[in-house]
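The data blocks that follow each hold one structure.
Across the two complexes that follow, chain A remains constant while its partner is chain B and subsequently chain C.
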Partner chain A sequence: MSTITLPTDQGAHLLAISWQWEFAHRVLPDLLEALWVTVRVTIFASVLAVTAGWVWLALRKTPFLPVRAASWLMLEFIRDTPPLVHLFMAFYVFPIYGVTWSPFMVGVVVLGVHYSSFVSEVYRGSLAAIPSGHFEAARVLGLSKLRTWWSVVIPQVLRESLPALGNVVLALMKETALLVAISVPVLMTVAQRAGSRSFRYLEPLTVAALLYLLFTIPFGLFVRRMEKRHAH
Partner chain B sequence: MLLAAIESLEFMTLFERGTRATIRLTLITTGASIPLAVVLGAARRTAPRAVRLLLDAVVELIRGVPIIVFLFWLFFALPALVEGAQLSSFTAASLSLILYGGAFSSEMVRGTLEALPKGQRDAVRALHLSMWDGFRRVILPQAMPILLPRFANHSIEMLKASALVSFVGYQELNFWTTQVRTQTRETLAPYLIALIIFFALAMAISLFFRLLESLTHTSRIDRITKRQRRDRRPIGLLPRMLSVRGGSESSEVQ
Partner chain C sequence: MPTDQADQGARSPTGSGSSRPILQYVDVYKRFGDVEVLRGLSIDVHEGERLSLIGPSGSGKTTVLRLAMTLEEPTDGLILYDGRLLAGEPKGGGDRPSRRARRQMARDFGMVFQQFNLFPHMTVMRNLTEAPRRVLKLQKDEAAQRALNLLEQVGLAGLEYRYPQQLSGGQQQRVAIARALAMQPRVMLFDEITSALDPEIVGEVLAVVRDIALETSTTMLIVTHEMRFARHVSDRVVMFDGGVAVEAGPPEQIFDAPLEARTRDFLRAISHGY
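For the complex of A and B:
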């Protein structure tokens, strides 16, 4: 982890408000490029999380008790420990076992797996909300078990989970800022680099924060609308 | 790996130091952010319109930004904006976690308060209870059984977020783990130990809240009503299919 040299109050006494538009303009192109990286990490990690969530759900529903217990413990462990530590661990431990992934890849996998634990919880909640009558009806209609899941259960779980999944993606997008720890050039990393290079953090960090807001606020409103429509 | 774990036993004092710092920070941040969340959540429902809009805007701004950006901003950017506002790493760490956590969970508190039946508030007014009495003796006891498990999650999120503050130089568990890694050149064992400590702390938090739940009077009432509701559930295929589906509780993610 990089230790950061502190800007002493050189010149700070000159200006109470020392925003420099010129500097903000200068860092903007790099930050916009970083925004694209952020979006890419978010998309890949979300796809991984939403997919792996099903695997977790399947593991938690197997009739074999040890598998159920182990997957429950794993999920709790992943969910209750800081993703930053997972990130460091993956970054330093994977290469020892011959897994030489790019930091981008490590970031996507770690965030995806971390959030898959939340996704599986979302799926579980939605599954519990399906009235047991549906299962009984499927059996009465002679649907096979696979067919029941594919055409009755999964569509309902997905529809029921949609707003909560939106929240997960939103949280994931913000969590990508963690990747500063393994220097994946996401928004946070680029802002921090620009700051430490020039000893001016105000402009890059503020512009980065605004770029995050540019995405999170509209998306948050969209998710909330979805939640409201779902409640009826 | 086992050997490595034993080797790193020498470094247990470092882990201990880190764990102490993490516990201290988590206690402070949860202890302050939960009341903040309750006050903010209540204020965002009942305060005058102008105040409410202002609070909503501030909360949205804070929530929309990653916590680490917020932390960096407080520590590195704020001094350039406000003269002499250079925070110490501890102040920046605890302040950012408290404000972020409070803002984040105020949304949850507001939602919970909104979900209570409107009649309760009307009853408070009809009984001429003061606003504070009404909140404390009527509204809060009903909200508590719903809020407590969510506060448990909130506290665990605070614990998880505490790992971030090593970026601004506060020496907690994650920081000392990195130290052990660089000193021993061992990677798997230090991080595993750190993760296990974090997990144990999280378990302790959720146990504590479980205990708190069982101690509150309302949880017993809640259990009884739940049992009654279950007993009243329609039996048989057709009635159950026709019955209205209860609102599923989606798990919250921070």
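For the complex of A and C:
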């Protein structure tokens, strides 16, 4: 085992950092369970972000100016303030107004809403990339506005957005570490707890990082492949 | 009426003037900002007629089609379809058509664009069946049968499950023609349908239009730069310049003995261009 010894003699044995397989094994089951929580938060928050992105887009495209202005303001607020603020807001302030969610729920909603602001930007870009001729063709064929969105616009926006949405999901998964702040038992929280109980952070944090990679590397490769196929 | 069949080419059996106007432009103006694209255009298009619009770029030809399709609103003047108001503000505040009535009228028009505008995420089959199913409420297999017949007609049988980007430009444009025909329009508008195509495949697309002209009595408004095609397929040709119709007449007049100097100059300029 490799050992790094700090250049002080007193307490050197305490600070000595050496990898212990036995301890890594001991924390693994808890971390695996935390991985499952992390994945669930990621999935739910992603679904929320991808769906709410449409709502933002619709609000921003409405012909009614006050609605457009209000949604723009809200989007700027969400995008340009730290998600940690939203997290504490939802966790500590909402209950005062009678909104009491479980920490898991708060995490999903806050991350989902935060990333929905990016998703709506992605959709907006994809929408702008659709040639105006497609709208004209739909109109000339007599398709209703609703039908045009459903059959012509939404599928194309989704297809165009897919690689960018993949990146949003990746970022979201890493951002779940933030939920340590409200004690949702995600990977980061459980690793930190295991570390503070034993004063050994090396193994839990390393295992946690590896478990993140277990997901982010294959998913990242998948997204990159999508991007390439998309670029043709 | 000319009696010589060979000379008459693909023209409609009725020809112009013998039937009532289906589409009328009455003193139509169209301004985009400071640019006046149409300056008092008046033309009657007759039922079954094949009318070609020729003239230099920017002369307002395409705008004429887009107005009929209500993709643009006239700045002034009226457009009538079948004797009913389609677009424009009637003087003295007459009845404006309801949105519903306009949509009903627009259903009788089909349009083919320069840029094809096929839906790239749909197969050829779905491109052809989407509107018949959603707008005309055809059953799925009925719409599919209609699509297959049309593909056959435009020479693309067997390609129904391809996606647009798997087809050549000429094939895509033929699909776009079939898509417009699937709605069985009374009036077909062709907007420079060969301008985005490589020269060697222009012919295959024009042949399809010529066949439609021969086999149906659909009214056609054709904006084109292909003079030989215009001569062959049209009953009447309108020369456009500076937002007005400079000269209108049978193709023999326009191409062989133009009355206006501007028509002569235009035809000379484009024949030297090639």
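As a working rule, the second predicted complex is superposed on the first by the 215 of 232 C-alpha atoms of A that agree within 3 Å, B and C clash if a C-alpha of one lies under 4 Å from a C-alpha of the other, contacts with A are read in each partner's own complex, and residues count from 1 in each chain.
Keep this in mind: a contact is a pair of C-beta atoms (placed from the backbone, for glycine too) under 8 Å apart; a residue touches a chain by one contact, two chains touch by 3 or more.
From a predicted model like this one, the values you see are computed outputs, not experimental measurements.
When the two complexes are overlaid on their common chain A, residue A:Met89 makes contact with chain B while staying clear of chain C. After overlaying the two complexes on the shared chain, residue contacts for A:Leu141 are found with chain C alone; chain B is out of touch.
Once the two complexes are overlaid on the shared chain, A:Ser151 sits against chain C while remaining clear of chain B.
By the touch criterion stated above, A:Ser102 is placed in contact with neither chain B nor chain C.
Contacts of A:Arg159 after superposition on the shared chain: chain C is touched, whereas chain B is not.
Applying the stated contact rule after C-alpha superposition, one finds that A:Leu202 touches chain B and leaves chain C untouched. Applying the stated contact rule after C-alpha superposition, one finds that A:Met188 touches chain B and leaves chain C untouched.
The wider contact with chain A, measured as residues touched, comes from B rather than the other of chain B and chain C.
By the touch criterion defined above, A:Asn167 lies against chain B but remains apart from chain C after alignment on the C-alpha atoms of chain A. Look at A:Thr62: by the touch rule set out above, it reaches neither chain B nor chain C. Annotation: chain A residues 131, 133-134, 136-137 touch chain B in one complex and chain C in the other.
Interface of chain C with chain A (complex): residues 69, 71, 103, 106-107, 109-111, 113, 115, 117-122, 130-131, 134-135, 179-180, 183. Residue ranges of chain A in contact with chain C, taken from their complex: 131, 133-134, 136-137, 139-144, 147, 151-152, 155-156, 159. Those residues of chain B lying in contact with chain A across their complex are 60-61, 63-70, 72-73, 76-77, 79-84, 86, 156, 159-164, 166-169, 174, 177-178, 181, 187-188, 191-192, 194-195, 198-199, 202-203, 237-238, 240-241, 243, 245-254.
On the chain A side of its complex with chain B, the touching residues are 1, 3-4, 6-7, 9, 12-13, 16-19, 76-77, 80-86, 88-89, 92-93, 96, 115, 118, 121-122, 125-126, 128-129, 131-134, 136-137, 160-161, 163-164, 167-168, 171, 174-178, 180, 187-188, 191-192, 195, 200-202, 205-206, 208-209, 212-213, 216-217, 220, 231.
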